[in-house]
Every structure is written in structure tokens, then in C-alpha cells.
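Take a look at these structures.
Heads up, the next two complexes both have chain A, just with different partners, chain B and then chain C.
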Partner chain A sequence: MDQDGTSNSNSFSNRLIASVEDLKVYFHSKKGLLHSVDGVSFDIVDGEIMGLVGETGCGKSVTARSFMQLVQTPPGVIAGGKIRFKSKKTGNQIVDLLSLTENQIRELRGERIAMIFQDPGKALNPGLTIRAQIAEVFQEHRENDVFEKAKLSHVLKGFIGVVLKKYMRQETNLFIRLLLFFPPIRSYKKKLDKAIDKLVTEALAETQIPNPEKVMERYPHELSGGMKQRVMIAQAIACNPDLLIADEPTTALDVIVQARILDLIKELQKRHKTSVLYISHDLSLVRKICDRVAVMFAGKIVETGNSDDIFKNPKHPYTKGLIRASFMTHERGKLEEIDGINAT
Partner chain B sequence: MQIKDYIIRRLMILPFLILGTSIIVFALTRIGGSPIGIYLSHEMNPAEVQEMKERFHLDKPVPIQYFYWIKGVFQGDLGWSGVASAPVVDVFPKKFAATMELAIAAGIVAVSLGIAMGTFAGARRNKLSDHIIRVVSVSGASMPLFWFSILLLIVFWVWLGWFPIGRSDPNLFEAIAHPTGFYTIDAVIAGNFAAFKDAIWHLVMPAVALGYGATAIIARMMRSSLIEELQEDYVDAAKAKGLAENVVLKKHARRNALVPTVTVIGLTFGFLLQGTVVAEIIFRWPGLGRWMAAAVLRGDQATIMTYVMFTSILFLIVNLVVDVIYANLDRRVELGD
Partner chain C sequence: MALVDQKKIIENEPIYDSAFKVRLTRNLEILSNVLANPTTVIGLIIVILMISMALFAPIITEPNTPDPYQMPRDWKAARSAPFTPGHILGTTNRGGDVFYGVVWGARTSLKLSLLVVSLTLVVGVIIGSIAGIAGGKIDEVLMRIVDVFLSIPELIFALAIAAILGPSFTNIILALVVVFWVKYARIMRAQVIRIKQREYVDAAKIMGASNLQIYLKDILPNSFSPVMVQATLDMGNIVLVGATLSFIGLSEAGIAEWGVLVSEGQAGISAGRWWASTFPGLMVFLWALAFNLVGDGLRDVFDPRTETKR
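Up next, the complex of A and B:
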């Protein structure tokens, strides 16, 4: 492991896309240090759907957020461990996500690693149109594509190019906005907007949203929960990432929409050969969709294996309890309780 | 509902609201007694007093007096100001321009500084800069205007002599024409840089004094609502897209944090208008506030009526503007009833 976070250690097998090693994330709270994630290790094989299950508060989401350095520090502390990730775009270079600088991780966020959040109603900005929110991904990561699509590659160099690039990166100030408002730059800007429109429509169409051109102009509150989650998915897969993190993507949705969203994720995963880290507390969902499963309890992984094996043949007592507690629909009786331990 | 339809509907209701306000205000001022005193002098005999009463229709019942007043308003006659010894309509425009110039300058100070300070502090929660801004804004919200104004006066006029008081240097003021009555704008129109600088220089102290309290309120509101917005999931989602910290803050969080702040800004405007009375007296600013204070002390009802009507109309308009901005920022707001 050298200074800039790259390594080619032997333990990172070729078929992996990411590997979490002994991850420790603690939180300062009024009661003391909370060991939210306490030595978690698991691998994600390239092209698989990896499930991460466990009860609420066991550290699943914190683990997922650590992939993108989205854990707020403070109060959080990354106390140790590594998350190694193979970036396919940059020649299979292996990086440690935890030791990347802000700018380095920003290049990966939304581009190589994307995330679908639990509640699409909260994860979309209520004040911006769907178009504006998806467009940001392209503006940030697909600058050259947009310029090419708008047939504007020739102006990239020179003053107009500088202004347009600022527009794409949303680094506008009053002066730039004035320039963009007046010809000739105004017409270039319109061409760029049209190219972005096209990309956004395509991304929305991927998720089988009817009438993407119309949906694009809407605000989040005008869409149903299922539609919003489709928008989130469109936004996440816009740049065709290597790893998609789905943090309980169906929890906020009703059962029928859940099934459709699940099918959609599975289908997109197959088509794009994306690896997925699927986080859920719902065992039946995980069994349906995941190739392999890691069971998490109180900040630790208690069991990892193929999902069929784990469900048929759980080894750890917590996993057994979890499965018994969830598959009670066919027989009426006392609901199984699981004894917790004090996580602190 | 479309914003345009909404504005038209509100503007159509506006005259009725103004009429209603005028009835209430007229009744309330007349409760304080007949305004005849301001028109009389010691040398008048009872017959002359009676003649004055008849001339101003003060011998009639109050509802009839109101109709004479409203008739006068439609004919462009707002009554005689005893304090200014001139018709109200002649004095009002100049004083109005002076007060608006002050209030707008203070408003610009308050809104730009308040939002900037609030954003800065909210994004750096619990850091040193946040604490400093909080101290500044708490003191702004708690210091009485007259006291802060006098402090400024002592430090910057008496001790340092950096800023003058009053509205203008008379020589420079006389040197240019005054088509709008706004000294700064007139100076720009006249192309007289010395006059413009003079106008700005005279504006600084009263505008800062008047705007400070509002700045504090806006900054505190902006800070707390920005902190709230920064906890929202969509901020994390925006970061997860790979956006720069600055874009997340300005395009995503700040925009939504402005929604409650805009409401506060609308309310603050009333605060500013109240403040003009104190600020104008202390800084010798020849505006409506000072005129109004004198009119209240001497029972000059024509002036009081005009001033109160003017502030209520201004309030109605500001509220309408705030509603429209609000709907523009928060798309979930349905403009209706």
C-alpha cells in the first residue's frame, strides 16, 4: 500500500470489484463512542448482486455510505480498515476508497460508484426539476460527451469554451450568467441544453418511465413514489457505474411497486453487468434478488455465503433467528424474538 | 394556479383591502378628537373658529367627514399638513423618496448581508466563524435601534468624522436636478460623481443602523434553516452524484433554505419601516418618519392618515411579492385563496 492509496496486493483477487477489510466506523455520541461498524469484512464479486442484511441500526447504511465517504465526520470517525475498489475505467487500478482525497472520490461518485437511497421522496431535491437533477450527473462526469453530442467540440478551446465549461460545472457567477444570456454564447448554451436533454431522456427511458420528455419537466412532488425511485435509479445508472449501492431501495414503497423496482434493478444489473451491493432488512427480497449474502449484526458480519445456502442452512444463531422471525406467514404462532446485545 | 392569474386576482382585491383599511384608520384617528386644533391660531375669535370648522367639514358627523376625505383623495387632495404648513400632496413625494431611499438601502444591506452571513455560518456549523457570526447577530437582534444609532453617531461622526449626518451636502444637492427625488438616482442621472458619492456617504450610517437588526434576524433564520436542509437526504444524494461541495451548498441546500427565510424577509420590511422613524430623527434624515413623529405629537390628522395609508399599501404589496417569490422557490406551494 503506497501513499496515494493504490495497491496491487495479492489478496485482491481478479474477480472482485470491491473488498471491505476490517472496516471500523465509530460515532461520538453523548453516551460515548458508538461502535457502529466494528470490523466488517466482505467481498463483492464483479457482476454479482451482493446482499447485506441485518436489523435496523446494525450498521448496514454506514457501511454503504463509507464506500462514498458520505459518513459525516464529525460525529463519525473512520477508525480503521480499507475499502478497496477496482476502477474498471482507469485500467483496473485498485484504490482504497477511504484514503482518497475529496477530489479523487468526487470523480468516482456518481461515475464509477452510484447510490440509490432509501426514500426517493427525500433523496430528490424538491425545488429542482427532474431534468435539472439528472442533468447534473452528465454535466459533472460526461462533459466531453455532451460537447460532442451538441457538435461543439470545436469551441472547447478558447474563451467560449471556458465559459461553457463553467456552465457545465455549475461554477457560474453573475458575470458568466450575463455572458450566457447574450448571443453568441446563448445559442451554444441552448445546443448544450438540448444535448443534455437527450441524455436525460435516454436515462429515464432506461428505467421504463413512460413519457420521459414530460416527466423530465416535472418536480418530484408531482410524481408517485415508484416513479421517483425510477428517477433515482435513472440518475444512479446514468454513467453506467461499476458498482451500484442500493440502500433499502424499496422500503418506502408499497408491495406491488417494490416488486417492479426489484425487477428493474435486476434487469439493469444484467444488461449493464453492474455489480450491486443490495442493502435490506427484508430477507425475502434479498433471497429473491441476491447471489450472495452477508448477514450483519451489531456492527459485525456474522455470516457470509451464497444466498440459497444461507437460507436453507444458516449456521450462526442470529441468522437462524432472523430467518425464523421473517418466515412466519404460513403458520400462526408466537413471533420469534431476537435477543439484541447492547451495541455500545 | 398560474402565477400570473394569481397576481391579477390579488391586485383586483387590493383596492377593497385599501378601502377597508382607510375606514378603520379614519375612525381610529377621529377617536382621538377633532383635528381642528392644528388649523387654529390664538388670534381667532369663535366666529372664525366656526368658519374653519365648516371649511374643513369638521362640523359634520364622522361618516360624512370620511366621505369628504375620500372625495378629496380621488381629487388628489390629501388635506392640509399643519406641521409642514403646506398641502400633504406637495410635501409627501419628497419625504417619501427620502424614506424609500433609506429603507431600500437598509433592505439591501439586510438581505445581502443576512443571507451571506447565514449561509456562511450554517455551512461552518460550530466552527469559530459560526460563533462570531452568531454573536454579531444576537447583538443585532437585541440592541435597541436608537441605542445602536447613537453609538454609530458617537464613533463615526463625533470621534472619527468618517461619515456625515443629514441627507446631503446642501451645495451639491442644489447643484443637480431632482426628477425622481431619490438623491442617488438623481446624481447618476445628472452624471455628477461628487453628488453620487455624497449621497452614498450620507446613506451609510443610517442604512447600517437601520439594517443591522434585520440583518441579524435574516442571518439567524438563514443559518438555522440551512443547517436543517444540510441534514436532508437530498444533500447526500447530490454529493453522491459527485457534485462539488460548493454546488451542493449553493444550488441544492441554500435554495431550499431560502424558503422560510423569504417569509422572514417580508416581515422584516415592516420592521424597517418602523425603524425609519427612529433612524430619521437620530440621523436628521428628512423623511416621512420624522414628519410623522411631529404630526403625531401635534395631532396633524391629515398627515397621520396619509402615512398610515401609505404604509399599509406598501405592506400589502410586499406581502404579494413575498408570496410570489415563495411560490417560485418552493414548487409545492399552491397559490390560491
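Up next, the complex of A and C:
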């Protein structure tokens, strides 16, 4: 491992997009150290949908959040391990996500790795229109694209370019706002707005939202749950990321919408050749959508394999119990017990 | 067949209006909610009357002194009762026109409350945000300082500071700013802590937004409404406390301010000259009442917990 967080270890095969190695995340609590994620290792092959299943509280979400350095420290502690990630944009450079600085990870977030949340109602800012929320991604990561789309690449250099760039990054102050009011900058600004509008509409249309131009002007509370989740997905795939982390994206939705969202994720994954880490506790969903599955229990991965193999002949007793439990919802019977892993 | 129809329905879905219409109906809805409460409407009317009185003071009573905020003295007509020609509300025993004082006092009060509220708002919001976002030791230190400020009753605290600084209107403003910022810091901190744990803040982080952007776009706008309600309530309270300080004599003497006027007329009350204290006193009362009514109304609308009450 070099100082700057890059490494070229041989164990990272070319087929992989990301690989988690012996990840340990602990939390300080009143009762002592909680081993939330305790030595988790799995690989995500480029272009596949990898499932991560397990019961509530087994550390799935913490694992996912570690990808983005979103685990709060304190009370959390990253006790060890590596998450290696191949950034396709920067010449397949392999970086360790856990050792990146705040600024380095910020460049990856949204641009190369994106995330869809469990409850779309909570993950959208209630005070901003859908347009503003999706535009943020483009303003942050696709500045040049926006300028190109607005056919304004020629003004990028020089004073006007500086002003417009500030406008794009929303670092406006009174002086810049005043400048934006006068031609020709005013007309440039309008062109930029139109270009952003177009990009946002395209992103929304890709998630099969009807009437994207109108939905754009709405606030989150005016949309249904399914629509909000589509907006979240549009936001996540707006920059065409290499890895999409879906943290139980359909839990808050009803069954029919759930099926549609799943189809959408699968279709988008195929079209953009994005790799997906799909986190869920719902085995039937995972079986439907994932190529490979890792089963997690009490902070550890107990079984990994092709999803068909795992569902046909589960090897670990926990997996067996989990599969049995999920298919006996209508026949009341005793839940199968297994001996727990002592988590201290 | 059925599929085609369904597609058509989705495309022509009528629930989508134009952006302008959406925004307009939304704002009208908030306005109608505010106006649904009759006490709020009464408060709002008084507030509008008071503010227009303050704004149009030079038109209502023309100043004839070089400094319009100084009471004009008509020594010959001192101690005249209400409805004497030229002095509708009478004069004080030092010849100050009560009507002039009442009208220009509204201007002074508006100046006082706006200045103090905006200054305290800025200071409180900045300190509260720092405490809420930084957390840990910084939060602890800042909040203990706030606790110290809160532990002293606000009137007595303001009185002490104004007395130390010496009697002047500017010093009253300073004293009130020192006393009133703590509430905003408290409210803002609580709000920031609540909002920063929301998932959309994480979502913004995941999109690669910088901390400043997250603060300005996600945290600040969503945590601002309780602060605004408090500001409306304080618009009334500050005039009340300010009038008290002026009454005691911590403001410049002879200024057109309700508290000063009350204290000027105080000596005449026992001799039966009630008017010089009553009218400005009534104005202070109405001002504080009106802003409290409006503030309560706004709180009912913005705070979802009180919604079922009406």
C-alpha cells in the first residue's frame, strides 16, 4: 500500500470492480465495543449484481456505508480491512476506499459510486424541487458536459467562464448575482439552465417517469413513494457510476411498485453495465435479481456463491434456516434456530 | 387494447400543473392556513397598522425639530388635556406632544425591534449552527456559555448591561442583542442536530456535495422555520423590554420613544393627567400583543404537532 492509498496487489483480479477484504467496523456503545462488521470479505465482479442478504442488524448497511466513508466516527471505528475499488474513469486505478482523504472520496461519491436509500421519502430534501436535487449531481460532477450541451465551451476560459462556473457551483455572492443579471452573461446563464433542464429530464426519463418536465418542478412530498424512488435512482445513475449500492431500495414500497423498481434497476444495470451491490433481507427479491449472493450473519459472511447454487443447496445452517423461514410465511410453524456467533 | 388506453391515461394525467401554478397554490395554501385563525388575523391587522404608522410617521405628524426622533417641546401648551387644538392626545408636563410621541415611537420601536431581531438572528443562527454541526467539545463549550446567559432573567440582564454601557438608545440595542441571541442559538442547534441526521443529508454527501453546500442547501433551509417563529414573537418582546429600559431612564432623555413617554407622564398620573402615560403604554401593549398573536398563529401552521388543536 502506497501513501496515496493506491495499491496494485496481485490478488485483485481484472474481473473485479470492488473487493472487500477483512472489513472490521466496530461501534462504541454503553455496553462496550459492538462488533458490527467483523471480518467481512467479498468481491463484486464487474457488471454483475451482487446480493448481500441477512437479517436486520447483521451489519449489511454498515458494510455498504463503509464504501462511502459514511460510518460516523465516533462512535464507529474502522478497525481494519480494505475496500479496494477499481475506478474505470481514471485508467483502472485501484484505490482503497477506506484510506482516501475526505476530498479524494468526495470525487468518487456520486461520480463513480452511487447509492440508493431504503426510504425515498426521507432521502430527498423536502425543501428543494426534484430539478434542483438532480441538477446538483450534474453541477458537481458534469460541469464540462453541461457547458458542452449548452454549446458554451468557447466561453469557459476567461472572466465570463469564471462567473458561469461559480454560478454552476452555486458559489454565488451578491456581485456575481449582479453580473448574472446583465447580458451577455444573462443569456449564457439561461442557456446553462436549459442544458441542465435537458440533462435532468433525460435522467428522469430513463427511470420511466411519465412527464419528466412537469415532475421536475414538484417537491418530494407531492410525489408517490414509487415516484420518489425513481427520482432517487435517477439521481444515482445520473453520472453513470461504476458501482451502484442499493440499500434495501424497495423495502418501503408495496409489492407491485417493488417489482417495477426491481425491473428498472435490472434494466438500467444491463444498459449501463453498472455493477450493483444489492442489499436486502428479502430472499425472494435477491433470488430474482442477483447473479451472486453473500449471506451475512452477525457481522460475518457465512456463505457466498451463485444465487441459484445458494438457494438450491445452502450449505451453512443459517442460510438453510433463512431460506426455510422465507418460504413458510403462510404455514405457521416453528422458526428454525441455529447457534449464534458470540459477538464479543 | 387495454394497454394502449392505460398509456394514454398516464400521458394525459391531469394532476400535473405548471410550475408557477404549483408554487402559487402552495403559497396560497399556507396563507389561508395562517388566516384561518381569527386571532392571527387581528394580530396581523394591528401589526400592519403599527408598521404603516411607523413608515408614514413624517406624513402623519410633520417633525419641526432638527432631529425628528426628539420630541418637539411646546412649553406654552404644557399639561394640556386630550382634544386641545393642535394636541389631539394632549401634552406632557414638559410640553411634549403625546400624539407625536406615539406616532414617532412606533418608528423607534420598529427600528429597535428590527435591528435587534436581525442581529440576534444572525449571531444565534451562526453560533447554533457551529454547535450543532461540530458537536463534541465545541458544542459543549458553546452550550454552557448559552446556559450562563439563559440563567439570568432577560430583563434584569439587559438592565445591567445597559446600565454599565450608559444611557443611550444604541446601548439599549446592544444590551438587547447580548441578551436575546441565546434563544436563537439554542433553537438553531436543536434543529441542526435533528436535520443533519436526516437521510437526505447523507444522500447529498453521497452525491459528492461539499460540507458548505450541504449546510446551505439541506440543513439551513429545513431548520429555519422555528427560528422565524421565535423572531416574530421577539419582535414584540424586544419592544416590551426596550420600553422598560427606557422607562427606567437608560435611553436618551426626550427621545420619541414609548417607554420614555410613559416615564415622562408618570409624574402627572397622581394629579389626574392620565393621558401622557396611558396612550404610549397602550401602544406598547398592542405592539407586544399583536406580534405574539401573529407568532402563535405562525407556530400553529409551521409546527405539525399543534395542528389537531384547531
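Simple rule for what comes next: the second predicted complex is superposed on the first by the 324 of 344 C-alpha atoms of A that agree within 3 Å, B and C clash if a C-alpha of one lies under 4 Å from a C-alpha of the other, contacts with A are read in each partner's own complex, and residues count from 1 in each chain.
Basically, a contact is a pair of C-beta atoms (placed from the backbone, for glycine too) under 8 Å apart; a residue touches a chain by one contact, two chains touch by 3 or more.
Note that the structure is predicted; figures quoted are calculated from it, not measured.
Superposition of the two structures on chain A leads chain B and chain C into a clash. Touch criterion met: A:P126 reaches chain B and chain C at once.
Residue contacts after overlaying the shared chain place A:H221 against chain B, while chain C stays out of touching range. Of the two partner chains placed around the shared chain by superposition, neither chain B nor chain C is touched by A:P212. In the overlay built on the shared chain, the residue A:H141 is in contact with chain B and with chain C.
After overlaying the two complexes on the shared chain, residue contacts for A:R109 are found with chain B and with chain C alike. In the superposition on chain A, A:L70 contacts both chain B and chain C.
In the superposition on chain A, the residues of chain A touched by chain B in one structure and by chain C in the other are 68, 70, 106-111, 114-115, 117-119, 122-128, 136-137, 140-141, 170, 219, 232, 235. The residues of chain B lying in touch with chain A in their complex are 232-234, 236-247, 251-252, 255-256, 259, 329-332. Interface of chain C with chain A (complex): residues 10-11, 13, 16-19, 22, 26, 198-200, 202-210, 213, 216-218, 221-222.
Within the complex formed with chain B, the residues of chain A that make contact are 65, 68, 70, 102, 106-111, 114-115, 117-119, 122-128, 136-137, 140-141, 169-171, 219, 221, 232, 235. Those residues of chain A whose C-beta lies close enough to touch chain C in the complex are 68, 70, 106-111, 113-115, 117-119, 122-128, 132, 136-137, 140-141, 170, 210-211, 214-215, 217-219, 222, 232, 235.
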